[in-house]
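Which chain is which? They are A, B, C and D, in the order written, and residues in each are numbered from 1.
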């Protein structure tokens, strides 16, 4: 056994995030960990990586007991981790981000040219393309994810922890990543893979450990299981199939006409985009991240201004208006990045949940705290958000639970138009089912939804029409019936049908 | 953890800090060759020993509280306003001018003078806010620099056009206000004036405002994560101007009541030497920008100062050692006791973007 | 409380001595600032200590950290039942005008400004007379017809010196050009030095320091570039006899000493004492007061003799020196 | 006061800006690792004092400077320990350390030299004033560089070295990384605290040099409060220069020249109070041209939060 974690317990105050977990990893194995949001997956990995100290339990590496006081020790022990949330230096170049900690150069000098070369070689070796000279903050999330993985590979890790690595990747990128994992494991590297996507897990994992409420509920070999069994182990029940009713679309709730944004390097970021969303209709937007989706959403919601073109929400021209005014005209928005746009980490769960509702739930300028409390605790129940209390600081929610809170908040704005950007990013399959159900319910109630997702299955499952974005343009439009993964994939890559 | 320990635990830390601070101060006293117990006794007496000293401490705390509250409010909204000194100077100057030159009954002049102080401090502050919101001029630098400009400008006015020529005319100061304009004392014969009541009221109002009101909510969210606030429809520009006005207005009020309640004229340098501005900012930071905490921290800091004066008057421990003890006490109390704005910011900063 | 031992021999006059335990008179000197960088306050403290030893009284000097603490310190001194409370400068005027009438039985003194109350003795100086002499000295001695003033700050009190200086200089040398620069503070010798260097580079061969501790910077510039300078308040020609050639004197120590003396000998009266050249309260080294430092040839005995005549004329009232503070 | 600009002005400006530049570089190091050091003033004051003490007792400027460095390092270690290990608010610590430095220097002035206000000794020799042989005779450069202390040259050298350290060395790269995103830095095994300590201690050393330039370079004496607000100006220069070595140098130059210029404006048409405002007003105006990052960029970079 390469790695053996025995009886790991981690307590935060009175709350136990891990309760007596046993976990093992063989050399060259891909071992997946699955489980509901807040089950304690990330916590377990942070313990292994030396970022948290276990309350009790032991870790053995190659049979020798180890205890990592810091990631430095773990890295030296040959463990690398790709975190659920990026650990990058946004203003640095990609090459710098990869080589940090073990920079090339003679003596004290940092040889940046050599770093670029090294990274190029690394890309070659593992078949992952990045531009070493590009600045991280202006790279697409998919690229940033690759940087994270390359960084770990560069560190020469033998055990590689991947915490929800595919959350931001497009299907093609996912495929590439899974291939790379398989290749590397053949070369002798071992992987711990955390994912909510059971198909990926079943594709690459040799073994699967299922966690629930901080404890192991099962360890299964790949051959002996299927998605149904896994999901039962995870959520403790069967998942129902969604049924999508047919609805005749009504009024236009969103009309984007000829919207353009100039880019910095000649190429426009958005190039004459036209989109219409009608009441009771889900319009999906597919595309490889970095093709203008983020900017499109920012322009629609007033977070950025277009250089030309017009935008109307519920028939009203809202071009140039502030976010507040656009929201008042009938927009709700599940943001693509929950920490940047979706939450205030230092605020309480209640305060984070209140945003957008606060102008409604007031009397004479004062908040109606009772109403607010019952509203938010309603969401906590409905979406089974795991939180200590409503007064818990938002930063202590696990990624998926925060996502659910944000989704609940925006769904409840009750507007005729909703932007849902990556609505199920990082949530477990049970929660995904709930969120999908709620989105379809809103559709039936006559809300128009613009769904942006890198998850093609999600797009195909929910959309009435699908638009594909490529290089700032709408490269194609397909009806729900016509759309298939293959066709979308072709359009997304810049091809034509 | 039972309720009892939950209640006492947060108190334990500051009490322990004060204890350690006193111990460190004792070493300083010993080195200076003073009597430790006597020195601390005099320090206590200078701050709280008797009605006169107690009210004097509160009176000294008054401008500190108001400035601290102003700073705390701006910090809460995420705007690092370090311009309290200039804002206070303008508030004080305007109050003095209104008090001197406005005709009418004393009480009315006094009220108008207070309002003028708030408005002047607020406008001076909002100017920096506007530069930031409109032209992206770094608020931290501009507020810091505008202090110098304000102090010099006010200094010019009272050294030349508005100089007091009634007395020895040796000072750069305005004439003295007529005593009909003075803020009434709370207890006759004691230094404490109505300004203190205003300060306590302001603390309570801000406390409720932040906790319960829509504006307060938006302020807190803006301070926590401006992008989230923007996303939710909080308008940063107007909020910034509003918060800066409010913050500077409080500092201006601090200056105004100091003039109308204590000094009765604008004296060049008097507000700067007393270091009200930095003390107020320190109070806000010590209290993690909590309004009631700021109130308490301000009184504590004022007590350290008045206590230090007591030590200077009644013992052989030199003035400097008093200052050293004060500084040491503050250092120890700041340790871990604070839930600070900057630390919080550092914490946020460290998490990178989300997947 | 210090002061010097010995048993009491005081004849005690003045009212208000209601102290309990000992029969020694207790006298407090309440200063508006920290003694720190201003020689003026240090001198008062010295005068008080000296008087304490000579007249067997108990003394205490109370420094104020900032203007807001002045009144408190004054009130506390009253509450502590000192027999005499000496205050100083215009900075304490306001506080004294409040506190003195409330305590009509307590004797006060204020030095350097006038507070016209029945229980206050005021002592003032005619520094402009000494400044006139200094200016005249500069006007006579300069070879370049250019002299400088390095002034602490542009505040009214400093104009008392500058105006006197200018009048004196012009009176003996109408062509003299006077450079004036302000340091912008009382604690910045580095800046004061730069200003003196600048004035020298523009041709000034004599620079008068009027910048408290900044004067040390002026002296250093003089030493470095070989020009001449003067100090203030106390005779600091000893600092560097080759370059610091004059000092404008102000006898605050003597005045405090006198005050304590009068009080302890029972001659205390509540009036206004005005010290100028005539009374020897202000002066200029070599002209009105001896100096341990030998006279520098830059000034020379000839000039000193001329200055003595001017001094006599001022004393005699033949020359009227403007007091900038009274101009309005 | 006809000639406003002349070579002596530049010469004077170089002298005057050196302490500010040195302290501002120290401030830049601190702010790069997320510690906003308002204690520069106190550090510098203590440096000025201990340099004079060292000079007096060792009779040697070199040892004097080493002594100042040692003393201020201890002082800055306290700053580091409180704000890094004990999680005290850096600004509170900075303000309190300023007060502490003022008290300590005044107290020690009396305890060591038995004087109040100022210590001046005729026999004390300050820093050497270099007149470099060949350069001395070059027309324009000669007067500009006349009689500057080694610390003036050193300050610019340090700025250059800092640039090299930040942008050319491995350690400097990690230093910047630790400030840019401490959590990410920790996750790749960088000892963030070590860099934070390093930054604070280095700023202590730089402030000791700044103080020495003030008390042994510009003048040869110590007076109470002789830094007279230079630490705060340095803080402004730090921020204006966006904590980069070159920016900070440029900002300090701006300040030095504006200060020297404002002196020459004295006595012209404007009242002194207004000429004294000149450096501050010009700096504010300068900021209209060197735009700050927008709060959105700022907040995005920080993953959330505003300045």
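The working rule: a residue touches a chain if its C-beta (ideal position, glycine included) is under 8 Å from a C-beta of that chain, and two chains touch if they have at least 3 such contacts.
A quick note: this is a predicted structure, and the numbers were derived from the prediction, not measured.
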What is the shortest path, in steps, from subunit B to subunit D when you may only step between chains that touch? 1
Centroid of subunit A to centroid of subunit C, CA atoms only: how many Å? 76
Between subunit B and subunit C, tell me the centre distance in angstrom, where each centre is the average of that chain's C-alpha atoms. 36
Taking each chain's centre as the mean of its CA atoms, how far is subunit A from subunit B in angstrom? 45
Where in subunit B do residues touch at least two different other chains? 155, 159, 224-225, 227-228, 230, 323, 344, 348, 351-354
Each of the following residues of subunit C touches two or more other chains, namely 154
Among the residues of subunit D, pick out those that touch two or more other chains and give their numbers. 106, 181, 183-184, 271, 273, 276, 299-300, 303-304
Tell me, which pairs of chains are in touch? A-B, A-D, B-C, B-D, C-D
Subunit C residues touching subunit B - in the complex, by the definition given at the top: 2, 34, 60, 62-69, 71-73, 75-77, 79-80, 89-91, 93-94, 113-114, 154-157, 160, 325-326, 328
Inside the complex, what are the residues of subunit D that reach subunit A? 168-174, 177, 180-181, 183-191, 299-301, 303-304
Residues on subunit A engaged by subunit B in the complex (per definition of touch): 84-88, 90, 141, 145, 164, 167-168, 301, 303, 322-324, 327-328, 333, 335, 337-347, 351-352, 354-356, 358-359, 362, 365-367, 369, 395, 399, 425-426
Contacts from subunit C onto subunit D in the complex sit at residues 35-39, 42, 154, 179-182, 184-185, 187-191, 193-195, 197-198, 201-202, 213, 216-217, 220, 239-240
Touching residues of subunit A toward subunit D in the complex: what are they? 49, 51, 70-73, 75-76, 81, 83, 86-92, 96, 100-101, 103, 105, 108-110, 137, 151, 155, 339-340, 344-345
